[in-house]
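Dropping the structures in below, format is structure tokens.
Note that chain A is present in both complexes that follow, paired respectively with chain B and with chain C.
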Partner chain A sequence: MEAESEFKEYYAKNMRGISGWFNRAYTIERWLYAAHRITGILIVLFVLAHFYSTGWHPGLWWDALLGIIVTFHTANGIRLILAELGFAVGKPLLIKKPSQRPVSIEGVQRYVVVFALVLFVVLAAIWAYYALIVQPMMG
Partner chain B sequence: MASEEAKEYVLPPEVLEETVKASEELWKPVRKIKFRIYKYNPRKDYAPHWEEHELEVSRGMTVLDALLIIKGETDHSLGIRYSCRMGLCGSCAMMINGKQMLACQTRVLEAAGSGDVVELRPLDNFPVERDLAADFTSFFEKHRAVKPWIIRNDEVELNNPTGPYKQTVDEYARYYQFTDCIKCGACLSACPTAATDYEYLGPQALAQAYRYIVDTRDDGLDVRIPIVDTEHGCWRCHFAASCSDVCPRGVDPAQGIQLLKKLLIKRKFGLKPHKPAEALPAKVKAEKEG
Partner chain C sequence: MRESTIMFLHYVAAVLIMITGLIHLLANNDPVIGAAIKASPVLYLGNMAIFLAALLYHAFNGVRVILIEMVPDRCWTKWISWAILIVGIVTYAVGLQVLMVALGFA
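Entry: the complex of A and B
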């Protein structure tokens, strides 16, 4: 009986939960939001292991994956700092076009997104070079 | 005499004919579209189900037009909420093919795109009232929580105004964009943070808080800070910007929330203390005279 009422409540409340993070109907910022949260959780998990033994690291390809996670979180974090401190979101409009697109998405912030993604690729490539080529050579 | 005057305003026959022709063209059925509609009454049904209706649609037909035809002809029990039919009241927001839109402002063919199915659901993250109508009780509670009105401390001026409040265009431009909100609920529904945090104030309420805080007539910053500067307030926003993406009125709530954060940080560091209510009529008058 309790399960039935929970079942009913689930549909009546209509809350999306974590599945609500992933929706391809929206702009790229939505994907970056979800990816930022997931990479954040993964970094916390790694840091727990890192606290247990600071010398531990996952190894060759996993090191490169760790690099992707950390560099994405860093690059997107810079974008978020700029946006959330109000530097990249533009000013409120006095005159709107009939089908006005939001300035906070399609203004300066778009360039910051591109900058963050380029920074991510560059940092991840450097990290991967060290993890996959330099580190094994050094033994 | 009256009929002669009236004759002057009658459209020339060729213009009238052209107008009728254009109108016929606009309302001529062009394609058959399948509507998948979410049916659920939480008081009666065990679980929701989908119903399908096929309709010949024309170029000018909006989703709301189609829903009213379905309600009138095939399914009289369909629960929808609508009022003005022109994008001003915000009653008919719903999920159209997975995205929050106003049913009265979205054309069926535009929503269907190259496909032939239009899927209609009630707004995500809102309790279902019935079928496509969502329950807005908590949404309006959150809106009310940020005190969306002008707060003044000078009771004497408030009760016996000495003149109108003066505002420059720049001061007006700071908040004008946010006054266009029609409270349709699309932003809160699109917000990924609201999908997991039930107590989050949401983009609509926070943008309205910013709208009143930056209004030069308002003196309620200290009253609103304990409401917005909390765990479930503006710091919960992580800029997914979906609220601004779906807003049918171009309000850009995401921008309002980030600017609200900027204002709070500046205030905490004492960089730019907020100076409200500079445009007090009595003060302006005294300065002019003095």
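Entry: the complex of A and C
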């Protein structure tokens, strides 16, 4: 009993550190959250280098990869702002059976997730076009 | 400042980054639109000043949020927040000077 309450307190405090970002029991929103954090940290690293030697860029294909990182953070960030302000959140789903997969949110939020992912692909494609085709022509 | 206010400003900064960052990207990557944007250097410097402020706030607050989640202790949280604030202000001051040199204002 003692161990169980300690275990619950440990989880309630969210003391699992970085390993707590990756938990198989969670839904797609949780994966998006982990990806949002990782891309955020990578963008901070890029921005520091971009400032330190002014205007630094990783170059051709790495620029396209940077585009994937930045556009994911942007697209998912739009979804997060909408959710934070209470737009298109949907209702919490009642878990009826213990065997039921945990689904935190149903309804509109599903479509917002799909919208964010589609927006991510479109923006990443545009960024890649500029990084791989327009930039080399500009010299 | 209340944590909810800080996070609201975090989202406001995110929207500002989307607008000013798009202008920054177009100015440096699109030959046609870029020339039109850089036709007025003062406005572009203003855009970059807003972009830098919003980006630094958003980036450093993001790092702060991750750090204080790793170390959920009230005393540590306070010191981390102050350290991040001071580093952020110093970076903005240096960054503005670098921007003005790079855009030919100093």
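Simple rule for what comes next: the second predicted complex is superposed on the first by the 109 of 139 C-alpha atoms of A that agree within 3 Å, B and C clash if a C-alpha of one lies under 4 Å from a C-alpha of the other, contacts with A are read in each partner's own complex, and residues count from 1 in each chain.
Rule of thumb we're sticking to: a contact is a pair of C-beta atoms (placed from the backbone, for glycine too) under 8 Å apart; a residue touches a chain by one contact, two chains touch by 3 or more.
Treat the numbers as computed from the prediction; the structure is a model and nothing was measured.
Undergrad: Is A:Gln135 touching the first partner chain B, the second partner chain C, both, or neither of them?
TA: second
Undergrad: Would you sort A:Ile68 into first (chain B), second (chain C), both or neither based on which partner it touches?
TA: Neither partner.
Undergrad: By the touch definition at the top of the document, which applies to A:Gly17: first (chain B), second (chain C), both, or neither?
TA: After superposition on chain A, A:Gly17 lies in contact with both partners, chain B and chain C.
Undergrad: Given the touch rule stated above, what does A:Gly55 touch, chain B (first), chain C (second), both, or neither?
TA: After superposition on chain A, A:Gly55 lies in contact with chain C alone.
Undergrad: In the overlay, answer first, second, both or neither for which of chain B and chain C A:Leu117 touches.
TA: In the superposed model, A:Leu117 contacts neither chain B nor chain C.
Undergrad: Of the partners chain B and chain C, which touch A:Gly90 in the superposed model: first, second, both, neither?
TA: first
Undergrad: State whether A:Tyr33 touches chain B only (first), chain C only (second), both chains, or neither.
TA: So A:Tyr33 only meets chain B here.
Undergrad: Touching chain B and also chain C: which chain A residues?
TA: 13-15, 17-18, 37, 84-85
Undergrad: Per the contact definition, I'd like the list of chain C residues that touch chain A in the complex.
TA: 7, 11, 14-15, 18, 25, 29-31, 55, 59, 62-63, 66, 69-70, 72, 91, 95, 98, 102
Undergrad: Using the touch definition from the top, list the residues of chain A that touch chain B in their complex.
TA: The touching residues are 4, 7-8, 11-21, 23, 25-27, 29-30, 32-34, 36-37, 80, 83-86, 89-94, 96-97, 99-105, 109.
Undergrad: Could you please specify the touching residues of chain A with respect to chain C in the complex?
TA: Contact set of chain A toward chain C: 13-15, 17-18, 37, 40-41, 43-44, 47, 51, 54-55, 74, 77-78, 81, 84-85, 130, 134-135, 138.
Undergrad: Can you list the residues on chain B that touch chain A in the complex?
TA: Residues in contact with chain A: 40, 42, 46-48, 97-99, 122-128, 134, 169, 172-178, 180, 190, 192, 195-196, 198, 237-242, 244-247, 250, 252, 254-256, 258-259, 261-263, 265.
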